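Two complexes come next, and they have one chain in common, chain A, joined by chain B in the first and chain C in the second.
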Partner chain A sequence: MTQLPTDIKEAETKDRNKLALRRMFLGRIVRSLSVSFWVMVIAFLMIRLSPGDPVRIALGAEATEAAVTEMRHKLGLDTSIFSQFYHYFTGIFSGDLGMSFFSGLSVTNVVGTHLPVTLMIIGMSILLGIILAIPIALFVALSKNQIATYLFRAFTSVSLALPGFFLALVGLLFFGTTLNWAPAAGYTGAFPGNLHFLWLPAVVNCGSLVPVLSRVLHSSLMDTLDEEFVETGVIRGVRKIRFYWSYMLRPSLAPTVVLLSYMVGVMIGGTVIMETIFSLPGIGRELITAVDSRDYPVVQGIVMIFGLIVVFFSFIGDLLGYLLDRRVTLS
Partner chain B sequence: MSNAKTKKKRQVREGSFGLYTGFGMMGLLILAGLIFPLISKYDPNQPGLVPMSPPDGKTFFGTDLLGRDVFTRVFDAVFIDLGTALVGVAIPLTVGTIIGTLLGISKNKRVNSLVGSIIDGINAFPFLIFVIALIAFIGPGLKSIILALSLVNWARYARIARTRAVVVNQQGYVEAARILGFSKVRILFKHIIPNVSSETRAYALSDFIIVIIAVAALSFLGMGSPPPQAEWGAMIRDGAQILTLAWWPTIFPGLALCWAGVSVAFIAEGLQRRLREVNTK
Partner chain C sequence: MTNTTKKLLQVTDLQIGIPHPRRETLVIVNKASFDVGYGEMVGIVGESGSGKTMVCRSMIGTLERRGAKVLAGQVLFEDQDLAHASETTWKKLRGKAIGYVPQSALAGPNPVLTIGAQLSEALKKSDTKGTIAEQSKALLELVKIRRIDTVMKQYPNQLSGGMRQRVMIACALASNPKLLIADEPTTGLDVTVQAQIMVLLKEIRNEFGTAIILISHDLALIDDVCDRVVVMHAGATVEVGSVSEMTTPRHPYTVALNQSRIDIAVPGSELVTILGNAPSVGQWPTGCRFAGRCTIVQSDCTSGDHPPLFGDRGAHQSACLHADLLKGR
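Here is the complex of A and B:
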């Protein structure tokens, strides 16, 4: 049986789409790997910014010459910079991020114990952010009311300008002391129980997440509303839920998903402060403690892990964004 | 014709509300920062009043744990906070714009991809985490905050500037200047950079909000100015320890910080709408 011209054409476009997908996938992987490499290099070089000898500063002024030499040897700081980088770089792949100056724990150990709490807070914030942002953006986009749009703009830009750490303290004062809904300190690791400790930090994080998400979603919804297929949907009388999802949200989601992956980095910063305020045993509080005690290997390790996490999420976000909307052309 | 003209005059220009509100709020804050510390009868850094006494007719914002007047301290901190943030934006804006522009117009592929990779690498780190880590290595203090902010943020400006410079470099007026035989330096500073920096300056305004908050947040984490210097973040840090006993040493500096952030947000929003209006005309 001979193929009809249209079939051939269809098959060709399918092939071309597949090829484009594969090319973009490979390109993104190469790019992410190269950025990851530079993240490692920058984290490695950071320790050299400290004025004077980092080991001597960390050990204090009273440290004996022998102790300094020994520590330097233990950290491999007495070798050339290239061999140091080689050890650091190969160490990362075998899960060795160095040892803490003081606690004697390996940095991998510190990250492994505390990262889950941080990721839990970020995950909760994102979930809550999505749940709040979608209806808000939909409501504002669908209401023809000018005042609603205006209020939406004003509220989002004001709430973006509010400092999260201050909101957290106000929240703690109000929900913790006055209403007694949230604990001021303490934490249990088990899943449903820990929500009691995590809900307020997640809500405060949403103070900056929801405005950003709903703004971008709102503007892509407005673009979608101009498309002809939305009108078709209205005329055909599609059921409400199907209309909202297939005609409005799905074609509009791609930019929001890409932005969400970018916001992971911003959220990590906010979460560090939340953990300090709510005394949560996350990796951010560990970072602040390490900064205070000048525990350089821990600082270096945590920063590098966060850098890699952000690279990973922006890779996933780009990919999802592309799959959701093939019209998106990626730079 | 004349009718249309008067109509146009009477029409409120796009973004005016945001601009007026923003500049008004910022002006009030600066004015208060100038006047109140001067006319206040209390020294901002000198303890001596009854500690933790609530706001009343004499001490409008109450006193803190050490018995210092919170009102005087909040307004004494205006220039420290805004000034640090301003310098913390101006340095990376300048450095990033110049480096990004040079990358955008240079034809050296190797340097371009190397510096480009470094820029991508720096931008990959979460902003606040990277700044905190850098301060760990440089040491605490407001100068360190500025240095750390500059080391991190120039890369964001450079990325914007590079993309823009590639476009500007191909424009007719740059070509014309080249044909006229102007020197490379003159073309760069008179023709390319002004057109590139319109974009980076717009970003700088929204960045200013983030940096104002970041400076206070870093001080809140104990990485800013050493005591007794009045600074919003540091005041909130001190106040947070006695939050359940006295709310005023925490809330008032926090409100001042919000005020500053919101006023810049209004200016940014207004300016953005004004520019959009100009562009669509």
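Here is the complex of A and C:
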């Protein structure tokens, strides 16, 4: 057999593909790290740029000048902003995020206590969101029923238009008071007992998560259904679960997965409101308190952690999208 | 070829339409008739919208997915009428006796599955011997792919268009089909790769006696590799005959197709094109659907039904009422 020109070309591209993939992966990590750096910078600057002086808030209006100067010195606020940043930035790498100005607790401690609650809400929302969005999108896409599609569009639009805090209040009234399925407020216990307190916030999060995810998945599914390879699969006789997974869902999921990873960021922002309404001891509520009192170390620590979580999830989302569908690039 | 020999596939007066809940059913194929013998390579030519792809879909059971259905006629594959087969019947038939090579080499293979995974899918339905890995390798060897172990682990986007189409042919051959349908299999491939794919298809026919239906709008391509030609125009078969018979066409549309071939064009002169456009689906005129573009149109051409194929099945057939007028042209 003679060597066809296409085969020679193929042999060359193979190694190049591998190299390109490695470069792509490394590039994505480098980018995540650089974004993380800027997250740290912005977290540091943001609270300092906002008006209000933590020392004066803490000591009250009648504080003497001497007391103010003394406290400012104690908190290290009399040094230059560069020196403060250096202190904060080097601290991050030794796991030291500073001390709260007021409670005297270390920020790592605050985050360690309250972050799990927030992550649990977000984790439950993601899980519930996936469990609901996939079957809904799949059903509507496969039914090809005009009425089903119309209802789907209408419901998702309405659900998206409702603000989260409104849904939360209605949910609290209905499930918490009328049906008594969920506690109206408070939080106790460790996993799994705490699920009793967390399920309603997760459901409320899904009020916007499920419409967004199912809309995107539905439209990718419709595109996939028109693809030639689906027809090839049908003709080849691929059936049942294998067909639904390999020929419909998997080629359609990448945009939804990437979107879900971005939605984590949106939800983290939303937990601030959610935790306040449901009186949950999550990190979002800590953030509000800290902002009120201009507790610089706590605010910059929490904002930085939020940023890192978003960076981490978008990296995971991109990676997962790529693993599901090799047409996706990690650039 | 006489008409007494048993044919592999017999399409008779096939009529395909797209039903609409409120409006009338839109007929897209009407009066399509042709045969495919065992081990025969048949080319179907026609412009876009002439119904060639729809006719093929009736043989692989994908009309319904596109909202179309067979309204009348027969598609007899061996002894089974595929035209009216139910979805349950299709579930049993698919991936067995009829193989299919899709139009677009680039979009044909599933992008999320490795080549090996797709081959094993195709092999699961076949009852040939050997492990799936061995058979997959044999298939890739058959379609002349080298570095088989690497290719098996690769995803389609890592392969060139030509390679992807070879893989698709390998998948279609997995169940050792009696009939292979290739719907414009070289769309989007460059000319040298096109030629390689055509040679490959012909070799497969010669080696395994697989009958092949090759759909194309390129008459020159079909002349090169096929035994017989089916010419379609506006949803109907207008001429059927062997490649040699087609050198003296008996339908004005085939004449026009022949004249507009690029390979016979005189350099420097303008390309010959066919007058007008094919009538759109749903706007077919009464009488012969080619009449509006015909150079030898007569008064009786524009009334009544579209003419059927005249002449004996298996012989040179034409749907022209006045084929005699073409003699000496």
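The working rule: the second predicted complex is superposed on the first by the 301 of 331 C-alpha atoms of A that agree within 3 Å, B and C clash if a C-alpha of one lies under 4 Å from a C-alpha of the other, contacts with A are read in each partner's own complex, and residues count from 1 in each chain.
Just so we're on the same page, a residue touches a chain if its C-beta (ideal position, glycine included) is under 8 Å from a C-beta of that chain, and two chains touch if they have at least 3 such contacts.
Quick caveat: nothing in here was measured; it's all calculated off a predicted structure.
According to the stated criteria, A:Asp292 is in contact with first (chain B), second (chain C), both, or neither; which is it?
The answer is first: A:Asp292 touches chain B but not chain C.
Would you sort A:Val55 into first (chain B), second (chain C), both or neither based on which partner it touches?
A:Val55 sits against neither chain B nor chain C.
Just chain B (first), just chain C (second), both, or neither: which does A:Val234 touch?
second
Could you tell me if A:Val204 is touching chain B, chain C, both of them or neither one (first, second, both, neither)?
Neither partner.
For the overlaid complexes, name the partner, chain B or chain C, with more touching residues on chain A.
B
In the overlay, answer first, second, both or neither for which of chain B and chain C A:Ile134 touches.
Touch status of A:Ile134: no partner.
Tell me the contact category for A:Asp325 with respect to chain B and chain C: first, second, both or neither.
second
So in the superposed three-chain picture, is A:Met99 touching just chain B, just chain C, both, or none of them (first/second/both/neither)?
A:Met99: touches no partner chain.
Jot down the residues of chain A that show up as touching in both complexes, chain B in one and chain C in the other.
In the superposed arrangement, which is not itself an observed complex, chain A uses no residue for both chain B and chain C.
Which residues of chain A touch chain C once you look at their complex with the stated criterion?
For chain A paired with chain C, touching residues are 1, 3-7, 9-11, 13-14, 17, 227-229, 231-239, 242, 246-247, 250-251, 324-327.
Help me check something: in the complex, which residues belonging to chain B touch chain A?
117-118, 120-122, 124-130, 132-139, 209, 213, 216-217, 220-223, 236, 240, 243-244, 247, 250-251, 254, 257-258, 261-262, 264-266, 268-269
Taking the complex as given, what residues does chain C use to touch chain A?
Those residues of chain C that touch chain A are 60-62, 65, 91, 94-96, 100, 102-104, 107-113, 117, 121-122, 125, 144-147, 150, 154-155, 157-160, 162-163, 168, 171, 192-193, 196.
Where on chain A does chain B make contact in their complex?
It is residues 34-39, 41-42, 46-47, 49-51, 54, 153, 157-158, 160-166, 169-170, 172-173, 177, 265-266, 268-270, 272-273, 276-277, 287-288, 290-292, 294, 296, 299-300, 302-303, 306-307, 310-311, 314 of chain A that touch chain B.
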